[in-house]
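Just below is one structure, and these are the notes that go with it.
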Amino acid sequence: MNIHEYQAKEIFRSHGMPVPPGEIATSPEAAAALAEEYGGRVVVKAQVHAGGRGKAGGVKLAAGPEEAAEAARAILGMQIKGLTVHKVLVTPAAEIASEAYVGIVMDRASQRPVFMVSAEGGIDIEEVARENPEAIHRQPIDPRYGLLNHQASRLAFHLYDDIGVVRQASDVLQRLWHAYEDSGATLAEVNPLVVTPDGDVVAIDAKMNIDDNELFRQPDIAAMRDEEAEASSERRAREAGLSYIKLDGNVGCCVNGAGLAMATMDLVKYYGGEPANFLDIGGSSNPDKVVAALSIIGEDPHVRSILFNIFGGITRCDDVANGIVEATDRLELDLPITIRLTGTNEEEGVAILEEHGFQAMIDMDEAVQRAVGAVS
Amino acid sequence: MNIHEYQAKEIFRSHGMPVPPGEIATSPEAAAALAEEYGGRVVVKAQVHAGGRGKAGGVKLAAGPEEAAEAARAILGMQIKGLTVHKVLVTPAAEIASEAYVGIVMDRASQRPVFMVSAEGGIDIEEVARENPEAIHRQPIDPRYGLLNHQASRLAFHLYDDIGVVRQASDVLQRLWHAYEDSGATLAEVNPLVVTPDGDVVAIDAKMNIDDNELFRQPDIAAMRDEEAEASSERRAREAGLSYIKLDGNVGCCVNGAGLAMATMDLVKYYGGEPANFLDIGGSSNPDKVVAALSIIGEDPHVRSILFNIFGGITRCDDVANGIVEATDRLELDLPITIRLTGTNEEEGVAILEEHGFQAMIDMDEAVQRAVGAVS
Amino acid sequence: MSVFIDGETRVAVQGITGRDGSFHARQMIEYGTNVVAGVTPGKGGQRFDDAVPVFDTVEQAVEETGAEASVIFVPARFAADAVFEAADSGVGLVVCITEGLPVRDMMRVMPYLEERGVRLIGPNCPGLIVPGQAKIGILPGQIVREGAVGIVSRSGTLTYEVIHQLTTRGVGQSTCVGIGGDPIIGTDFVDCLRAFEEDGDTEAVVLIGEIGGTDEQVAARWATENLSKPLVGFIAGQTAPPGRRMGHAGAIISGSEGTAAEKMRTFEDLGIAVARRPSEIGEIVAGWMEEA
Amino acid sequence: MSVFIDGETRVAVQGITGRDGSFHARQMIEYGTNVVAGVTPGKGGQRFDDAVPVFDTVEQAVEETGAEASVIFVPARFAADAVFEAADSGVGLVVCITEGLPVRDMMRVMPYLEERGVRLIGPNCPGLIVPGQAKIGILPGQIVREGAVGIVSRSGTLTYEVIHQLTTRGVGQSTCVGIGGDPIIGTDFVDCLRAFEEDGDTEAVVLIGEIGGTDEQVAARWATENLSKPLVGFIAGQTAPPGRRMGHAGAIISGSEGTAAEKMRTFEDLGIAVARRPSEIGEIVAGWMEEA
């Protein structure tokens, strides 16, 4: 789960990290009031689940309340990588002597968290990784030990020379580690970590991703989910226990199993179509899920054709067939539906569908071709 | 460091363990008042750093306030293994359906903590270990992982059959683990862990030893030290940074290094004497330490002869000689002093001593024999 | 011969009295798997379906029945502890079907298993099946057929689809292993390729990958140097957008890493066959088997 | 030959600018130890006594000077981290002189070292000395003499006493190792006996134990089966009362376990010589050396 910068900063603060003050505004007036309150220069930053905010014009420096209102006006409602900005963070502008990058990612290959720090901060770290990989120092963390003090110190010595700054930075890295670990994060980063002209270390940006599978034990973080930032169809799917991602095509896909769902999308594309979505109804044969799935797909105005691809293993084909019959009864859909159904209780499933005027297919390639062809 | 039962119970309580109420009394009246407050039967328990309290008569059941006062009167001031009881714990008597033993010890051989549980609780566990070792189930703990849930559950299944009781006991074991781990304990035990007739699991006794080396990071526990329970000479030695243990003999020993101090005591015994103490002045040559050491030994009324055994390595013999001169100047001791001094700056040390009328010896055996012979 | 298990392997089912556990325990037994014990704390002493003894702990199950492998059907929040328990009990193979395990739990589990030399398959996987002999997990027994193709896959139903394609063409399987769709898993592609290389019953191998991570590339490189048997790969998620988790926790393209295109290119660059459609896997493998 | 170190061993001193660290670094250098680096965070770039380069981290020290061993003189609360740091830096031997390390820290340190194959001597120990070649730690160089007796001991000054007894009798030492007086230590008696057994320069071995634990008994049993060289033991603390910590954190008799009498009896039962007095060690060993 993505959380916003201001939410990550709340978590950082609760772990004692040096984070400047800042509050959320949803209107230019509110932004101006915050700028007034802080005095001096402020930064107005789009809160949106997309990278590259700065380049997209989503981060603006303002000399005072008036400019802050102006900046908020420009940013609120802006689209960044397809996502609408609903909130801005208003925060005092920091004096900057140097900028560094510090981050922790869950590394799949080594199966452990890895710290990364670079004295080249404030810029796109993936670019640094590509063009100047030596500038990034990595420290794998043994999850049974956490970040050891000497490791924090070693990372800090890679960034700074002054022992006072090194000590502060080591402390920040330790706190960042605890924020990462205690939150069940898969990513936590500060870019840039700033040293002020007075020699103070401050985290002026914050980014965290949380492992979805952790949310059951992180109710405070689960409550940070920004439903406004989700497509409403994705929110409904999540609430119905479906795994759904909206795409831009016109062939709606309803599949059991994530791998088969991806392969189905790929096959739609292979046969000249464009998938409208990823949708995994999971292993359950619960007709309510089929109803929810069909209703979500049906409400996408771009969808011109709907494809079911069900491979009955644990899922029984007759159950899914009943679900489809029930769902199409309840919903009034005026779209062509192609159904591919095979595996456990295939014959019973096909019989149920045929009884209700549906034609069921056995072969995946043929079904996909027909669904693509059904787009008029 | 030893802490009392009531202190261990405070720690247990702070970790959410089910511990019955209880308060300390230092007079029969106070004990009666507590019994009045709790109502019903109470147990009056000597708080003293010695095992075998029960056998020594230090634990008494009382039907009400009057009997509680009587019990406190009998116990307060009692000597148990040479230690005077200054405090009793008054606690409501529990209804007991079954008694078990659960404990965690730091196991030197495996270099990890080991859980031990036995369904034979309420009795001397060392006796069980000797006579019926199979009745004790052991679970080594990987300190990097702590007590895993299935380990707690497995231990609980060794004690109980009822799944409700097993779940409670697993939870108690987890909390005991955290109490042990967070306190820097080397031992934590509950003997007995009781199941009441209603099926509740309750820790009606508590014992903890804390690693002395942990105390710097455990100020709350360090503050639990019962100075009243220490011999006053040992308290003074501790405050002076000396390692001192009072014994029953009459040859006072002042040695640098713990191993050499023990070997010196042994040699006193070997040559027919009885050591009055263990005393390690450490590696320092600080004359203040020598003064403190000599004063503590000198105040022991049993001491008839004082033996210095100094092997100069880091410690310089001349420094120690100066300390002895200074100490005997400051203190007026009317006891024979035998000094063995060898190693770094031996000649200078011997010269200083001889200047001040002391005779210094080189050979350890000879010095010990002379010190033993000096006991008149 | 077969990979990791065979018809003799003595299996304990953790969570045997739960909804999923009981259903799949029956399916496994019906398929011929040697299910010797079930484990549900508090139900020790009972018998599952009047036949399989149930124990309170895996340790007891191993002591009493000599179980060598365990399969886990307990809810996500208890699953990591179930793996720890299995690892402590003396079984050599743990198959964790449960999905939704926190990554943080898995990072602690993995070194624990390694220290004890215990193999984990999963989590979030369908398990494995040796056609005609045994299955541990949830792979549907009716779609497989005895034969000589080893299959290793990160997905569930997509694997069934591929097995089905092969079986329909008359091409049987030696062992099919679903290694799971999570970012941190026990047995990986390379472990399975190595096992297939050593398995006398396996003549060709199918690898079904998906977006996310670089395991497919690592496996392809390993295969180039170490696998003497023909290999075909398939990568799901060519149309997946970056940064979104496609169902499986591990199926996410991070930055430029983990795209299907990159994975397929690695296979092609190394001269390994890559199927464009699931059905093409069947075509390719059937071709090899006819030649042989 | 010698045990664990020799005159060539490149040594880094952690805490070289501290009071104890600087004093003993000078002593080591004076004795001939190859001290190549010091480490004090924040003092990187300086030179200790205008000679030894100081680094901010052990890692830098190892990279720049090729240090193979490190010796730790930092305060107790930082000492465990100093050991972790040394273990991560690539040195093969860590000697921790610091006393007062919490047992809890040591229990986490030990498996970390084991995974990396790093030898720890100590904590709370005087270190080791190879007479005429090198010393790491605080053993006084002036009392030793080159020779053929290996000494391993849990104590400090008692070891000096024994070395002195031998030297005075003209009996030199091959290597003397103080393994430390804590309940949890790295290198133990058996490790040292094994090293002495393999060391061509060692002809006889002295083991100096004390009350607490069962390491001496374990060592005696090991020696009976594996040590071909004559061994004499000495156990301090025959007059120690039970339940009291005699200075060393590890010197405590728990219940009936760890008494000097029990340890001495084990030696006797196994036919190993036990000295009653420190000076008897010298007598026994001198007797052996004359025979040889």
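Annotations for the structure displayed:
First chain written, first letter: the chains are A, B, C and D, and each begins at residue 1.
Here is the rule we go by: a contact is a pair of C-beta atoms (placed from the backbone, for glycine too) under 8 Å apart; a residue touches a chain by one contact, two chains touch by 3 or more.
Since the structure is predicted, the reported quantities are computational estimates derived from the model, not experimental observations.
A count of contacting C-beta pairs for A-C and for A-D identifies A-C as the more extensively joined pair. Our note on geometry: chain B versus chain D, Cα centroid distance of 28 Å, whole angstroms. Mean C-alpha positions place chain A and chain D at a centre distance of 55 Å.
Centres computed as Cα averages put chain C at a distance of 50 Å from chain D.
Of all residues in chain A, those that touch two or more other chains are 142, 144-145. Of all residues in chain C, those touching 2 or more other chains are 108, listed in ascending order. With chains as nodes and touching pairs as edges, the resulting graph is of another kind, matching none of line, ring, star or complete. Pairs of chains that satisfy the touch definition comprise A-B, A-C, A-D, B-C, B-D.
Those residues of chain A lying in contact with chain B across their complex are 144-145. Every residue of chain A that touches chain C in the complex is listed here, in rising order: 106, 108-109, 111-113, 126, 142-144, 181, 184, 186, 211-214, 216-217, 243, 245, 247, 255-263, 265-270, 275, 278, 280, 283, 311-315, 342-344, 363-365.
Within the complex formed with chain B, the chain D residues making contact are 76-77, 100-104, 106-108, 110-111, 126, 138-140, 142-143, 153-161, 164, 181, 183-184, 208, 210-215, 218, 234, 236-241, 244-251, 255-256, 260, 276-279. Residues of chain B touching chain C in their complex: 142, 145, 148-151, 153-154, 157, 163, 166. The part of chain C that touches chain B in the complex is made up of residues 41-42, 44, 56-59, 78, 81-82, 84-85, 88, 108, 112.
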